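Both complexes shown next keep chain A, but they swap its partner, so chain B is in the first and chain C is in the second.
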Partner chain A sequence: MNPFLAQQLQPVEAPGIDWGAILPMVIVFGAACVGVLIEAFVPKHQRWSGQVVLTLGSIAAAGIALGAYVSARPEHGVVTMGSTLSIDTPALFLWGTLLALSVAAVLMIADRSVEPGGSFVAQAGIAPGTVQDRAQVQSTGMQTEVFPLALFALGGMMAFTAANDLLTMFIALEVLSLPLYLMCGLARRRRLLSQEAAVKYFLLGAFASAFFLYGLAMLYGYAGSVKLADIATASAGTDRSDTLLFAGLGLLMVGLLFKGSVGPFHTWTPDVYQGAPTPVTGFMAACTKVAAFGGILRVLTVAFEATSWEWRGVLWAVAIISMAIGAVLGLTQTDLKRMIAYSSIAHAGFLLIGTMALTEEGLSGTLFYLLAYGFTTLAAFGVISLVRDSSGEATHLSAWAGLAKRSPLLAGVFTFLLLALAGIPLTSGFVGKFVVFSAALSDGMAPLVVIALVFSAVAAFFYLRVVVLMYFSEPASDGPTVSVPGAFTTASIALGVIITLLLGVLPTFALDWAGAGGFALGG
Partner chain B sequence: MTWLLALILLPLLGAVAVAFLRRDDRLAMITAFAVSIVELVLILPLWLSYDPGGERLQQVSSLEWIPAFGVHISFGIDGIALLMIAVIALLVPVVIALLRSTDKLPEGKDVGGLLSLILLQQALTIAVFAATDVFLFYVLFEIMLIPMYFLIGGYGGPRRQYAAVKFFLYSFLGGLIMLASAIGAYSLAADELGEGTFDWATLAGVVSEAPLETQIWLFLGFFLAFAIKAPLVPFHTWLPDAASQAPVGVTVLLVGVLDKVGTFGFLRYSLPMTPDASAELAPVVLVLAVVGVIYGSMLAAGQTDMRRFVAYVSIAHFGFIALGIFAFTQQAVAGSATYMLNHSLATGMLILVLGIVAGRGGDTRIDAYGGMAKVTPVLAAMLLIAGLSALSLPGTNSFISEFLVLLGAFDTRPAYAVVATVGMVLAAAYVLWLYQRIMTGPVRGDAMLAAAPGPGTVQAPEAGARKTIRDLGGREIAALAPLVVLIIGLGFYPKPVLDTVNPSVEQTITAVQER
Partner chain C sequence: MTPTYYLLLSALLFSIGAVGVLVRRNAIVVFMCIELMLNAVNLSLVTFARINADIDGQVMAFFVMVVAAAEVVVGLAIIMAIFRTRRSASIDDTNLLKY
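Showing the complex of A and B:
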């Protein structure tokens, strides 16, 4: 009999749920639903404050719930909800990272002082270029749906990093992606660019999801189960079709690498990063990357460790391609947001090296790298949102010439963040590279590490180019002004800078957290 | 707190203080100078408390930094590090005192920023010589680039941006490759000892026992970083750009002290950690060194710009130093170690004096000058002293070092020593020719005649030049005097310096000689 029908004959039992373990995720999803209700029932002028309080409050509450759970957690993690979710140490670390990053991102989203009324369109339904569109630029209203959307995306990311089977992972992938597609199209200025970014992201994202789903189906065909642990058990035996296994794995990885913007599946990244409202870009660059690599780590480590010899060569090539694309094309960019987008592609290559190591050091190194990179890149986008001219953000490189003369503090902060992205010591970027590369080196990937170091040096060139522009060039006469950031953006940038410095100088505590334990398999 | 820590922290605090006082040029200048003088005075107890016959590393202090990787913030000095720390403590006040004579800042830049960065650079440079943890050494090696990058890019000549980026990228790339080797050494130690460490002495013990092939890979990683820093031909191309675009005072620190991190690295890291590989690959390094001597000397003779001239002179001298180090004899290595000090004094003074010449005439081209000795006899004498030391005339400090290098190298590598001797002859040629073009003969050249009287008046060019080009003032002579005293003093009585380095040199090369 068909195994699916066979299942139908058994009595259905409600799976046990460990509420304490999943409470942070429940809070985030619950708050997102309340946020939707606020949109429906609260008068327009109160929505912004209501949403901000709700969003930040729920993230804080989720953080407290997480903290309370972590202090009393079982050592090897728990598997709950019918073993669809695995709340183990890496998942908890990634949850903490996601929650902390989203605080900074939400602060940037909520800011209304840099751009009067916020970076988001007042009414998304208005067609770009019309009279109404010109009017909405002046209005101070804002589409506050962005807050519940962000919470849904955050909840999806949390589920994604904890998903213990591929089906849950796929659903979480969609839950995190759909709100992001929408959020990309909500920019107040340059609406066409923003909507183009949203459509491009949606179309390519849908393709990637389809790849993921196809891969999932093949792996189900191979292992007879979508559970990661079952796939691992199945692949340890030898009596099944390897074609199915590797075709499935390949398709699955395409979907995951797309989300992590790893080259050569990166083509959406520069356009979307450039077109999306900058706070959303920051959110995507930091949190989506954390979620995607969290997922990749879990899939590779839990399900495919036994077959690592077969797929490692392919991922070597992917990592090299990603670093090469990021570092080399980054050199040719003239737009800062696109430049950081290419930098994120290069960083994705570095992250992939750590992911491939499949050792304890590789796991903790990658987790640390994600935390460090997330805060640095988020703060960098925060700074970019401050430099503006009459048409909005001045992201063209030439506009940044001589910025240090007019705004030494901003230039100093941005230089520090760029040095962190380049991986200069005493910043978190260096420690992240160090832990990832040393893990890879002790796992016998010395040639790859040397290649990665060379690309680090190449990438350093375009970060330096911005520093040169800011400090050593004469300012343009009609250059942009630097907005005085409101409390929200200031807090967000300050958080990013402090954590970048802290993790660079005293990384021990975060390294200990990241290295506290491995994945829980569950039955 | 050890004297060493005080020496690292003081300029760091000074840099912060000067950064806050930058609005007032005069106050910033006085503060920076005072800090640098106190720093120089602090060298005295450091030197006196150093016992050459004692432990290899002295003034040791250590603090746990990243326990997960066995990383410590640990400092300590041997005789070679002590010399380098002493020389930067000496050069910084001299540079600050002469800043007004040698440099005109680009428009809109304040002197406070420059001084603050110089003090920061001093602190980091002392720390890099003092670091005894390989991880800490790497961190400082890279961090050190940042103030220098801003010093060149922010305060230098017209092509400063290009020079600054080139300098940074070369060194950064070298550093990253070194990082790969450092991590490799770390994981080797982790396998061997059960837990990883970056402690220099422990690592050296483990890695020096590793098989030759492993050692060669590790050696190459460190070597590339140090060869770029030192710089050896063919990794030298950043130096002429950086040296000609940086402010004069900064060039003194860059060529005089910072680049010594490269040769210091050979002595402290390459030889003790990878002795087999060093012995195996020594011929390659020696060829690069000798090529550097000849190539640097010939290009120095052909330069038309004073600053690039000095850069190529240094490349030749770095060739000598590398030759001595990789000859693996007590005499040659001791010669190289003292050469590191003497080159700082001789080249530092040469750069400063040429900087004053260019500051007076407003031009760095050599052919813009001529017959300057008639107008500025004291300046001419200073240039002659610096030049004679640079060509290693007996009686100047460099002679004894160069002699030891050649003598020691002749024992084991006669062919290389003979070729390098040609470099000595070339040195005499390029230095004396430079002096002749700038100082002797009738007054001539654009810079000298810039103040030529209008048509109609009959006046000797000499008198015209005398009006615009002053000889050295009392302050300038006082600033250069310590260098002159040391150049001549150490030429006749080099014993204190040799006694200081000899035990450290012996410990460094016994590891290689046993192979």
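Showing the complex of A and C:
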């Protein structure tokens, strides 16, 4: 008897949908679809303004919907859409973080004053180096498909942080990744580098998601379901095959750690961060990291808490490798974007320590760290996009020598952001590191915290090297110029700096919000 | 007809795909190896659905196929763009970004 025949006789019931809870995500995806229609039907010269209004408007609307829902939400979160999405406190916090970060990122993407026409190519289909390509460098158009792509990526990230089963998580992972692959290849200047970054990111990203998927299949074989809560139930004391469970967990984590650019799975990060257009790099560095660590937190806390003794040792090693690679290789970099990329790998190691704690403090600390790190790194990329020479952005370290004499304000802002990345008190980076490390310490990970402190001291060296270079070196005679940013980039950098300062001086309100509740399990 | 054999076959296909990604040099072939990995996963999912007497695994295989199709669209567009520039799909040639 075929076992499937018996199932087919049951009528299929449509799952209930809590529209109020998922409204922010629906708005973002809906606006992305409208953005595609704008590309198809609106004349070319009106597209940019239409897309900017639509994108910022929809993010604001999603933020308002989120705010309205948060004030009246049920205490322990809801599980909706056939328990595929879990809208609980961490999900809502990460949604708020993602929406706020993407406002800043979209402002940077939309800016057309720093580079005439914006940092995106006018026609991605024209091959670099041809006559048409030289003509389009002068044109002021841009490929406005970037805006709907950014919205799709944002929607995917929101779904990813709320996904309550592995299949939804996989679909969301692809929805967030595929637009990012394309956005990486759309730079106006240095198009070969940009296309190369897109190819590398795509091939390695697809490779990693295949691992994620094989892990999903193993866990499905183990638990008979891909719901996180079912996997947790199955792993708590049964005689099932541990091989399937740990092979599945391992493969799944490879996919997730790749997205978070952690440790030995980081190889794409420096190349893609350097090659992609700087606003996209900022978007990726901030938002993808938030989404990836949101997913890792949920998977580890909800599905694998019972087996934490078995996997924790492996993640210890991964965190140490990640911090070591980020801090040591960051020292040898001569390109600022690559240096920030290695710094993001080191930060991924710190974040992983908080993720491993699996306590309330660990959860709220990691969420706070993500918020703080996202704004700091986004603003840092905003500043990097302002220092330019005739060939585009001057990202080589030597070009930044003596920049404080030419533009004290820019050097001051960048110094502040670097100090935040290094974790100096009165910046959000310090509070973030403090809450994450103290959570790890109270969960019995003292040796790891000591190692992390050593590596954050090593990392501080290469941030301070840039500060010294800016303030105490003689400027080169043919050095870069500092562009005066337009309203959009100014707003974006200002937002990042203000939040970095605010979270450093008054972190309590964000910490309270991050610690307001745990994950909703649901059946 | 033990289902375990199908799982072994799927593991073998997945490994062939993974090794192919690491050793082949043509971006299109690398991409085909990734597709092989995804389809190996489909075989696993369907086999586990059979073992668990549960239809979810078969439904998931459809989701994977749709995602793989979307990935092909994006991937081939990116590989085409770089091929038109360089007249080569070898991933050894794309080496401007390093260290």
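Basically, the second predicted complex is superposed on the first by the 515 of 523 C-alpha atoms of A that agree within 3 Å, B and C clash if a C-alpha of one lies under 4 Å from a C-alpha of the other, contacts with A are read in each partner's own complex, and residues count from 1 in each chain.
What we mean here is this: contacts are C-beta pairs under 8 Å (C-beta built on N, C-alpha and C of every residue); 3 or more make two chains touch, one makes a residue touch a chain.
Small disclaimer: the values here were computed from a predicted structure and weren't measured.
Asker: On chain A, which partner's contacts cover more residues, chain B's or chain C's?
Answerer: If we count touched residues of chain A for both partners, the winner is C.
Asker: Regarding the shared-chain residue A:461, is it in contact with chain B (first), chain C (second), both, or neither?
Answerer: Once the two structures are laid over each other on A, A:461 reaches chain B alone.
Asker: Classify the contacts of A:137 with the two partner chains as first (chain B alone), second (chain C alone), both, or neither.
Answerer: A:137 contacts neither chain B nor chain C.
Asker: Across the complex, what residues on chain C touch chain A?
Answerer: Touching chain A from chain C are residues 7, 10, 14, 17-18, 21, 27, 30-31, 34, 37-38, 40-41, 44-45, 47-48, 50-58, 60, 63-64, 67, 70-71, 74-75, 77-79, 81-82, 84-85, 91, 94-99.
Asker: Considering only the defined contacts, which chain B positions touch chain A in the complex?
Answerer: Residue list for chain B touching chain A: 66-69, 108, 138-140, 142-143, 146, 149-150, 153-154, 160-161, 164-165, 168-169, 172-173, 176-177, 179-180, 183-184, 186-187, 190, 217.
Asker: Where on chain A does chain C make contact in their complex?
Answerer: 3-4, 7-8, 124-125, 127-129, 167, 170-171, 174, 178, 181-182, 185, 191-193, 195-200, 202-203, 206-207, 210, 213-214, 216-218, 220-221, 224-226, 270-271, 274-275, 332
Asker: Residue numbers of chain A touching chain B in their complex, please.
Answerer: Those residues of chain A that touch chain B are 405, 419, 424-426, 430-431, 434, 437-438, 441-442, 446, 449-450, 453-454, 456-457, 460-461, 464-465, 468, 471-473, 507-508, 511-512, 515.
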